[in-house]
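For reference, the structures are reproduced in the following blocks.
Okay, so chain A shows up in both of these, paired with chain B first and chain C after.
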Partner chain A sequence: MKLNTLFLGLCGASALAFAAHAETITIATVNNGDMVRMQKLTDDFTAKNPDIQLEWVTLEENVLRERVTTDIATKGGQYDVMTIGTYEVPIWAKQQWLLPLDNLGADYDAADIIPAIAGGLSADGKLYAAPFYGESSFVMYRKDLMEKAGLTMPDAPTWDFIADAARKMTDRAADINGICLRGKAGWGENMAFLTAMSNSFGARWFDEKWQPQFDQPEWKKTLQFYVDLMKDAGPSGASSNGFNENLALFQQGKCGMWIDATVAASFVSNPKDSTVADKVGYALAPDTGLGKRGNWLWAWSLGIPAGTQKAEAAQKFVSWATGKGYLDLVASKEGWANVPPGTRTSLYNNPEYQKAAPFAKMTLDSINSADPTKPTVKPVPYVGVQFVAIPEFQGLGTTVGQLFSAALAGQSSVDDALAGAQTAAVREMTRAGYIK
Partner chain B sequence: MATRQTSSLARLMMAPSVILLFIWMIVPLAMTLWFSFQNYNLLNPANVSFAGLFNYKFFYTDPAFFQSIWNTLVLVVGVLLITVVGGIALALLLDQPMFGQGIVRILVISPFFVMPPVAALVWKNMIMHPGYGVFADIAKFFGAQPVDWFAQYPLFSIIIIVAWQWLPFATLILLTALQSLDGEQKEAAEMDGAGFVSRFIYLTIPHISRAVTVVILIQTIFLLGVYAEILVTTNGGPGYASTNLPFLIYRTALLGYDVGGASAGGIIAVILANIVAFFLMRAVGKNLDK
Partner chain C sequence: MARAVSTRRKIGFTVAAWVVALLIFFPILYTIITSFKSETEAIAGFSLVPSGTLESYAEVQAQSNYFKFFLNSVVIAVGSTILALLIAIPAAWSMAFSPTKRTKDILMWMLSTKMMPAVAVLVPIYLIFRDANLLDTRIGLTVMLMLINLPIVVWMLYTYFREIPGEILEAARMDGATLWGEIVHVLTPMAVPGIASTMLLNIILAWNEAFWTIRLTTTNAAPLTAFIASFSSPQGLFWAKLSAASTLAIAPILIMGWFSQRQLVRGLTFGAVK
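Up next, the complex of A and B:
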């Protein structure tokens, strides 16, 4: 018994000595499939960098956002690498909470990062977070139903075509809805979709003086179009549908079209889960001829907090995880279909990837057609396509989302919802000091 | 008989724990009060200043404020009604000797162990969904139009979900109370010719009234803070129909890391909870003094 304890103690001591020799960096990350895969492949990194140990903190998206934001704002210093989205990066960079990534190594090839994504992660021309995974949104549609309706989907449809097709595809008796769109209230739920959609109708959240714009005709057109379309061709219960609910509906063959994240393409085309896997086509998100399309842009990225003591090791890790070599590593171990998409142009030029992912070209075109630094037709003072990168947006976006979901559920009129949104936005922006 | 010495000794002995509990309570409360008078957003730490009562004013002038208080009360009262009445009924049934009693009791209690977000998701997507929920299937079987629960009756839907979760708790407490009812009293009442109804009113109800009080008080504490169920089902919508006070605080302040606003909302919630507790203690708390 005593010997055992002594032995354990010795082991502990030697482990401590080893740990003291090696540098440990703590990485906060989100629990999606691509990130979990990265954790499994870290042997490759530790083999190349034997003096760096990795410690993972894996969290659900909302919890992660809460933890890393609290940590960085209070200078907690728990993490050396943080997984953050395109929403956080501009806000944090402005506060100088992130280290600019200027030391990623000679073979990193930052110019290969898709320009739209790099733009969303930069401030003043400096990259503040390296994209690990990127996505946009596009139209997924049922080729068979489109044919039955006597229509052909163009590669770049207009909203009028989408609305017309949705109404023609709808067959209430057979429980087929022409179009499924997000309706559940929330800044990352219905407002992500509606904000992106409003861009294509020429609307904007704020003018150059941060004056809210919900009283303008463009927003009225957007919301009226959405509510009418969903009433005629949307599924029942739309006002509580988010990504997962619509995914289930589409996979069960109950939607003619669905406009949502490009990552959904790999789910709806997977025959294991989807009853319509062989009948799905893809098209760019619709527009109205004003020069902007209704698609968003999101990237999970790795950033390094300014307070870390281990910046060098952290940069090495970020360079490894978001470099070209990592894509090859995943491809060699798990196949091209499982490579994290949406970050590097070279991936989309790779014929093997194009073969493994039939939606690759449409995904790249979608990402390229979104520009977070110039998201709208009219000029705006903010960054972000489907969000406004200011700290107040999460709360305000959710309030506006609630009002718009009431319009969708038929509990308030479109005009009332917009008037309420305008009041709420003016109130919040005045309080936060944007409107002087 | 406690002499003066022993009672002061008792006070002395109790003092450490009382002091500890007091500190436990007063420090967070004082900090919340302090923050509620500050302009303080975590994401904008350079801009901290004294705000006076502005945070409170901003909070109670929110267009959703009064509706959210009303929703909070409706939610509490609605769930209490369902769980107390349903709990008594279930407890009466479970108190009967029957085959497989142990298993049935475990089954009845099990909803209490399901985590709130999980329960809410199951209800939302598998039971109440108008496309593929069980309720929709039942409605279609009878040729009726499926109800879109979360769009048409958002608050009522949440009451149902929360009541489903708390019903087992009420049942459990009331069942133990029923089991402590003396069998001889029941027999005596029966021999005196009392029917089921009069036995229930004059014997059972007085016997379990203290247990009912406990159920009401404990549940009220937790129901004032219902939040997870709303977040995963409706996010407070459509409109403000299912926004209660905790959700309003979450939306206006926590989502934006607004420490000042969240603290002011928290203080308002504490005041509201105290008002509810005051009336509740007057109404039902007397039972506990007997």
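Up next, the complex of A and C:
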């Protein structure tokens, strides 16, 4: 008895002494299903790396962005791993705020990362953040309503087809809107959608000399098309709708079509939450025949701030969280349908994943069709499909988003919204020194 | 006749008061109701009848350690309030009983600091906290919340102290009371309702403060505001979970407010009717 007690005491003391020497890394992350799942699975990491403890800070996307930007810009040193998007990576890499990820281990297989995603997370040929989850956007539609309208959705529709189908599927008496699109103002809200859409109409934010282009006919066509379509076939109060609002509408059977993030496919096809789970079809984002589709490219990825004192431990964690082994771990615990999508080519070649995720091929095709380095029909001086990777874009994008949201709500005309956007963009770009 | 009119008016005011109270309380009530729904129920549309599931609470507790955040909230809210009262009582005493021609200007200047958007000073404050090693510490946050709420505390106490006749303090002085004795043994007991309501209001303000508490903390000192923020998501429907987290976060302060409502109302109406 006494020996047992002594043994247990020694074990406890050893554990305490060990815990005192374990290195703790702090990870800032967003609250989405995949990240929450990862937090539940971290026992696997700590079992493999007993000398590293993990602390999580989960925040809403915009708050997280502000927090980590403040911290990294002031070298606050509060985080060792940061969840950042394709917007931040090129800007932060240029500022030398991130460490290049060149020590992820021999079995990491960086070449397996989907090229379009890797391109968005690299600068000067070096990977500065490892993708944890990637997405594009595509069309999700109700097969039953499409059939009822007497139409067949092609794999690669045009905007004219989408508009025609949306108007035919609309049934106000039955509370069915032909199409649900983002209208809530914000650079990551309506402007993510509208910027990607404008690419397919031949528009661009800036010409090669950083002159704003909202006074060009391509933007007029884009915005007029969007406002008219939403007026005829969109839900009421669409100017307040973002991803979550449209997701709720679609899941309740109130949308004929919804063009949004590919990650939504796993939500709308989940019978636990969606009333239309067995009726959803998928198609590529529409085009106008100019060579670019209206889909975006985004990846939540893990980056390591240059000021961290725990770079080695942080790299080990990034390697674990974004490696092939993690995908297998999720599949073994929660099934292939719950594996974080959009990062590795090998996942899309996996027959088990293809079987579990019927939207897999369309997701990969959508991701592959987006090119952040050549996002538009005409040449541009910037990187980014649904954003412009410059620090000024967050503020400017939201200002323009507010003007476009007002046009959707009928508070201003399309012409006035575009004129306001042009004035705001010229002012901001001049102030920031892009326009001499 | 006059009595009937008076009764009708009384009933009218009572009904109006209930309607206003319910309107104000309804968002909180609906949050509590939503917390007992499943995610599917939560997005299905307006309904006041939940299925009564506790799955959101279970998931919230599984995802985060509520009690760690709760403890931080208690320490920060109570600590900042005590600190604010220690500074504000002498300040308000001075301004109420020994005013100078600049007293009004000082009061206005103090209040004007509340008019500046907090984000305007985010970077300098963050740098100061970084250099002073106060990031993600309870001490740092306690001092910060004390400074934020100090103008309101001083103003409230000043208003209460002004209602106390200066002659009573003069009489105490005549009886040989020292300055300390005057404040502690004469002024403070007379202003207890005012001090109590100021204290309660300050605890509520500190408990609910979200801007600085989220931005100056990461893990060690994060209070319940950070706990709620961790359940907000622009991509994915987590309304029931968010409601459960919000209910858990506001429950302690609601309970405290319920038990201390008499003191709160008494303090807030102190000197309102002469």
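Following the convention adopted for this analysis, the second predicted complex is superposed on the first by the 416 of 436 C-alpha atoms of A that agree within 3 Å, B and C clash if a C-alpha of one lies under 4 Å from a C-alpha of the other, contacts with A are read in each partner's own complex, and residues count from 1 in each chain.
Methods note: contacts are C-beta pairs under 8 Å (C-beta built on N, C-alpha and C of every residue); 3 or more make two chains touch, one makes a residue touch a chain.
All of these numbers come straight from a predicted model, not from anything done at the bench.
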Requested in this report: For A:31, decide between first (touching chain B), second (touching chain C), both and neither.
Outcome: second
Query - Touching partner for A:431 - first (chain B), second (chain C), both, neither - result: first
Report task. Tell me which partner A:251 touches in the superposition: chain B (first), chain C (second), both or neither. Result -> second
Query raised in the report: Given the touch rule stated above, what does A:61 touch, chain B (first), chain C (second), both, or neither?
Result: second
Query - Touched partner set for A:74, first chain B, second chain C, both or neither - result: both
Query raised in the report: Can A:406 be said to touch chain B (first), chain C (second), both, or neither?
Result: first
Query - Touching both chain C and chain B, counted on chain A across the two superposed complexes - result: 70, 73-74, 248, 252
Query raised in the report: In the complex formed with chain B, which residues of chain A make contact?
Result: 69-70, 73-74, 91, 95, 175, 184-187, 189, 235-240, 245, 248-249, 252, 254, 391-396, 398-399, 401-403, 405-412, 420, 423-424, 427, 431-433
Query raised in the report: Given the complex with chain A, which residues does chain C contribute to the contact?
Result: 39-40, 43-45, 62-64, 122-123, 126-127, 130, 135-136, 214-215, 218-219, 222, 226, 229-238
Report task. Under the touch definition given earlier, write down the residues of chain B that touch chain A in their complex. Result -> 41-45, 47, 58, 61-64, 124-125, 129-132, 146, 148-152, 233-241, 243, 251-253, 255-258
Query raised in the report: Mind pulling up the chain A residues that touch chain C in the complex?
Result: 26, 28, 30-33, 36, 39-40, 55-63, 66-67, 70-71, 73-79, 188, 242-244, 247-248, 251-252, 261, 263, 267, 272-273
